[in-house]
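To start, the structure itself, in structure tokens.
Lettered A, B, C and D in written order, each chain numbered from 1.
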Amino acid sequence: MTNHGGAGYRLGVAVVGAGYWGPNLIRNFSNSPTWDLHWVCDLDEERAHEAVGRHSTVRVTRSLETVLSDPLVDAVAIATPAATHYRIASACLSADKHLLVEKPLARSVEEGEMLVEEAERRGLTLMCDHTYCYTPPVRHVRRLIADGSIGQLQYLDSVRINLGLVQPDIDVFWDLAPHDLSILDFVLPEGCQPTSVSALGADPIGAGRTCVGYLTLPLLGGAIAHLHVNWLSPTKIRRTIIAGSQRMVVWDDLKPSQRLSMYDRGVDIPEGLAEDDRRKVEISYRIGDMVAPALPEREALQDVSAELFAAILEGRPPLTDGHSGLRILRILEAASRSVIAGGSPVSLEVPGLSVAAAS
Amino acid sequence: MTNHGGAGYRLGVAVVGAGYWGPNLIRNFSNSPTWDLHWVCDLDEERAHEAVGRHSTVRVTRSLETVLSDPLVDAVAIATPAATHYRIASACLSADKHLLVEKPLARSVEEGEMLVEEAERRGLTLMCDHTYCYTPPVRHVRRLIADGSIGQLQYLDSVRINLGLVQPDIDVFWDLAPHDLSILDFVLPEGCQPTSVSALGADPIGAGRTCVGYLTLPLLGGAIAHLHVNWLSPTKIRRTIIAGSQRMVVWDDLKPSQRLSMYDRGVDIPEGLAEDDRRKVEISYRIGDMVAPALPEREALQDVSAELFAAILEGRPPLTDGHSGLRILRILEAASRSVIAGGSPVSLEVPGLSVAAAS
Amino acid sequence: MTNHGGAGYRLGVAVVGAGYWGPNLIRNFSNSPTWDLHWVCDLDEERAHEAVGRHSTVRVTRSLETVLSDPLVDAVAIATPAATHYRIASACLSADKHLLVEKPLARSVEEGEMLVEEAERRGLTLMCDHTYCYTPPVRHVRRLIADGSIGQLQYLDSVRINLGLVQPDIDVFWDLAPHDLSILDFVLPEGCQPTSVSALGADPIGAGRTCVGYLTLPLLGGAIAHLHVNWLSPTKIRRTIIAGSQRMVVWDDLKPSQRLSMYDRGVDIPEGLAEDDRRKVEISYRIGDMVAPALPEREALQDVSAELFAAILEGRPPLTDGHSGLRILRILEAASRSVIAGGSPVSLEVPGLSVAAAS
Amino acid sequence: MTNHGGAGYRLGVAVVGAGYWGPNLIRNFSNSPTWDLHWVCDLDEERAHEAVGRHSTVRVTRSLETVLSDPLVDAVAIATPAATHYRIASACLSADKHLLVEKPLARSVEEGEMLVEEAERRGLTLMCDHTYCYTPPVRHVRRLIADGSIGQLQYLDSVRINLGLVQPDIDVFWDLAPHDLSILDFVLPEGCQPTSVSALGADPIGAGRTCVGYLTLPLLGGAIAHLHVNWLSPTKIRRTIIAGSQRMVVWDDLKPSQRLSMYDRGVDIPEGLAEDDRRKVEISYRIGDMVAPALPEREALQDVSAELFAAILEGRPPLTDGHSGLRILRILEAASRSVIAGGSPVSLEVPGLSVAAAS
């Protein structure tokens, strides 16, 4: 940590992993007003050089040890394959570095818990790079839920499909669902707490892992969340419906001019009607105006790096801390069990596999 | 049946039910070159009058018996609530009338089977009004599957959501899923034969029945079908992805200028690669052009009435016969069982409830 | 005019012309609560029969005299080719029938003026079927302008293009521009009063008349209107931007779920800035929320027939009276002159051709 | 020019102007495999520093002389306001630097001609940064015209509107139309050669210059081009229709998944029909499939810098050379004259103002 006089504190950072996501971290830390990017570390040094560019003074190395022994490095951002997160993050914590880790936090709940505990024991910040949580639309939805504008959550339906890369190490649930789960965890006041998880999928190309997946999560309080994640879709869709008792919101992330549409539509159930009577009447609808709020177009990673900086300086948990990462790992593990169980729901209240009883 | 000399045969028809869908049947039979519409029958005679219009010569009645005793009536089209289908259809068959029945065919597989058997015993045509099957996009997809253009089906994903009426008698699965199930049954060469059914849903407004539903159907041959049906969506979506080994098709029924988009995209797996090795390599993609075929804009119900006419005259089963209606009823019944079982898959190979064993 | 006792007055109507638009008039008058449709008249009697349908009691004839001599006929709706409007309308007025005339009102301003004068002399209603003016979006825009929500009109830009029929008798300006001109005339408090008209077009298929046309109208008060009308577009677009000093509205008529989008965006010019200084500063923008008002989905022709009925009964001019039709004819005539003049602006303030002087 | 042995030649470049567009040039030259970026020059040195980033070795200066006296600098890219282009470009040519100049090339045809002549006299490359010409969709359209797929051009209609910055020095024609004019110039085999120019516009905010503009260009051979450019649109549209006798293409640059749509639609005029008879028959249409070709997603500026490099090395004119810049300046100057003349067409065949005679 460096005090540049009147310019305020600055912190030093290194990025480990210069593959798919790393270059975005590198670019954002490079342009940050509070961070100094000192190192980019990758086993493929050529790739690291390319990521920093020909005219950069940022140093490149294959050696994690070199990075960790540099006292100018206050924090490390890890953007390597998920399977390596635990090993690298452990080494960083041992060297007393703060951490920003790509999703998913680790390969298992067990690994994740060890990292969270170790960070807490050492008083280090462990932040999950749940980038979507820092986008203007998701922040806006969070506010709408917090201030009651949406009312009681009724359902969340998310479609995140694309013709993407079939990952060699993880299935489509572990690859794409963390985005939606972290969003759900972020916008709900008490985080994402499903009572069970049902996961069904298909591997129609013989890839050896689910490529087309459906995840259903009954939530505490009666709402339901459903995710469609898919590497084999000819058309790219990133659309989430958040339906509440007061208002419904559609977030279409591929529509830059109108990412959020808030519908003042709802269901009219005559007041004073006993629940039993509701089943007999035809329910009518109130349809009001739609509002698309003006949202800033701003890169979320700028706010990720700012939040990491603030959390370290203030000694507080970041908005997307290790515990949010753990909640997501628990759902992903349950999803994997449900897939093996042919889609039977796996309870999240009792540890272990628990097929819901049929009546 | 009347032979108007050189003008060819014509048949007489009556429409029972002048509510939501009935007026469309009335309009189409009125304008048909082969049918004479003689009666519209509804318990609400005012509604029936309104449906035929002030200047019509078509007669209106509250009495089904009146309709059935008219020898000019060769066929009856039933567009009443599902719960009444069995009773009305039975009466029509007893009066030796051919039948066109709205979806779902009946309230249960048992009722449906009795109707199908009775129609066959009497040599009468029993046709299900699976209207979507007669639309140009669905006919086109059927051809693409039949001639191998799509290759082996990998998955079908359908979203049919809207801010619609909450039906007082049936849940959203029985209301909306028959559309997608009948389409699936129509385009697949051997009809829709899922090995099991998983249904999860929610009733967030306390309507007493599922209003937001997800249906997952593993199909014989390894493909998967998934349907999202929803009465409580702020945004209307009617989009189906049909993905095959050779080609992928997106059908967006709300995009009149481009309902079908055929993507010449697929997955390249190096030839000669053993299945075991596929799991180790990163799988790449071939991306080609997209073609939106020119489709006629033509009302499907015209073809429904023409098919009913031809099936009766030729004494052959219509394209969407009672057996297709039965296959759909079997899936809907299994879905209802799965909902009760908390989403556990219900096998369709063995009759009765069978929760898939967890490994 | 018939008084059905408690049911209120009803009027009788005949439709002349059963071609492209006639069937819509026939259907709407048939279902009207206030009109009785007695006749459909067309030189092609077969087409007229088809338009009323096999089961109708509405009479069909080739003879306009038969229609005009029927005392039950209070009004006639004319939906024949434009070239015949004057002759048919004159005959109707001579027989003391009220009139609804398709756009354009006539083939020339001269013809139109004679019709308007004759109707006024006889105290008959002459209404132009400017159908779009009766659609919910256009009515909404009219209200927004009337109540000041839009502020001072800055510009109106309309695109109405399609792969349509090349009309055999009129060019694309006379075929399509009346829609936009009638809308403009309807929403502006004082009607559409351009100071001049510039029309440029092309006939790239050698059809002998303009098939692709651009019309520019400087309006009194400094605003500008621009229309793009086109029979040869591969893609169908019906989009109008109405920009005002307070608010901007986009009307996309092919987007049923969001036909109107009202943007609370504007230009910030520092207050107290002299006009001369405005030219030196970079002007910034205020971007606010967008609102899509809930609009009823209702067929405009219902309101057309209701307005015709009310205007006759109340003895007042209809909202879209003959004078609005005349204002449009004046612009169309000026456009024809401008086309001949190679696009030079034709003044509308002084009668006759007046090419604006070049500086 | 440096020969790095086996690595091939490399050239040195400086970027002048770090405002709106400069940073894109800086980023692309930085990552180029053939260029070495040595300097960024801006009167606002802070802005230049920000543009290169904190960790860059690229030098920053306020002094153009410093840049021009560096022998490592082979070429200069100019991204300053249009009014300064002539002065800066002249200095660069005097220092024997090759040039890449932002659009528009200069403030007038006269200035542009002096630059083009000076560059030719000295044997230096003068390239216009008509970036859009290097995008995959425009390259594709150019091929389709060159190989006859589109047939004879019938019309080009372009809409480029947005809520953008009101430029302090130039009007909307000079700001936005160069994009479309350079595209038109690029895709037509003989460049853009209109016979006249009609320009109409409005300044509804009192900015002192046209903010909403319409440009109509009759082209040699009978086709027509029309551009709508607009700084005051609430909605962003970038859509061009290129209609030919064989095929029509819609380029929607805001639709990343389907930028180009090629319609196999056309007009059927019965063969053997004399031109005179065409005017009497109703012309019918042939509607075929639509194809959206797979296009690479690649940044156009990469190809701009590659083309500049290749043109210098091969001693040949670049694809978008100074003469294309001049053709565009001639049109812009004529447009300015037409605006002053109230929209009267200004001939481009005879120099000077020539208002087309009105008949």
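The definition used in the following text is that contacts are C-beta pairs under 8 Å (C-beta built on N, C-alpha and C of every residue); 3 or more make two chains touch, one makes a residue touch a chain.
Because the structure is predicted, anything quoted here is derived from the model rather than measured.
Student: For the homomeric pair chain B and chain C, should the interface be classed as same or different, according to whether the shared residue numbers exceed half of all numbers used?
Tutor: Over half of the interface numbering overlaps between copies: same.
Student: With centres defined by CA atoms only, which chain is the most remote from chain D?
Tutor: B
Student: Roughly how many whole angstrom separate the Cα centroids of chain A and chain B?
Tutor: 39
Student: Pull out every residue in chain D that's touching 2 or more other chains.
Tutor: 235, 287
Student: For chain D, which residues are in contact with chain A within the complex?
Tutor: 30-31, 36-37, 52-58, 235-236, 257
Student: Provide the residue numbers of chain C that touch chain A in the complex, in ascending order.
Tutor: Spelled out, the residues of chain C in touch with chain A are 258, 261, 287-294.
Student: Taking the complex as given, what residues does chain C use to touch chain D?
Tutor: Residue positions touching the partner: 154-155, 157, 159, 163, 165-168, 196, 198, 200-202, 204-209, 212, 214, 216, 218, 222-224, 226, 228, 230, 232-235, 241, 243, 245, 248-250, 261, 263, 265, 267, 269, 275, 278-283, 285, 287, 337, 340-346, 353, 355-359.
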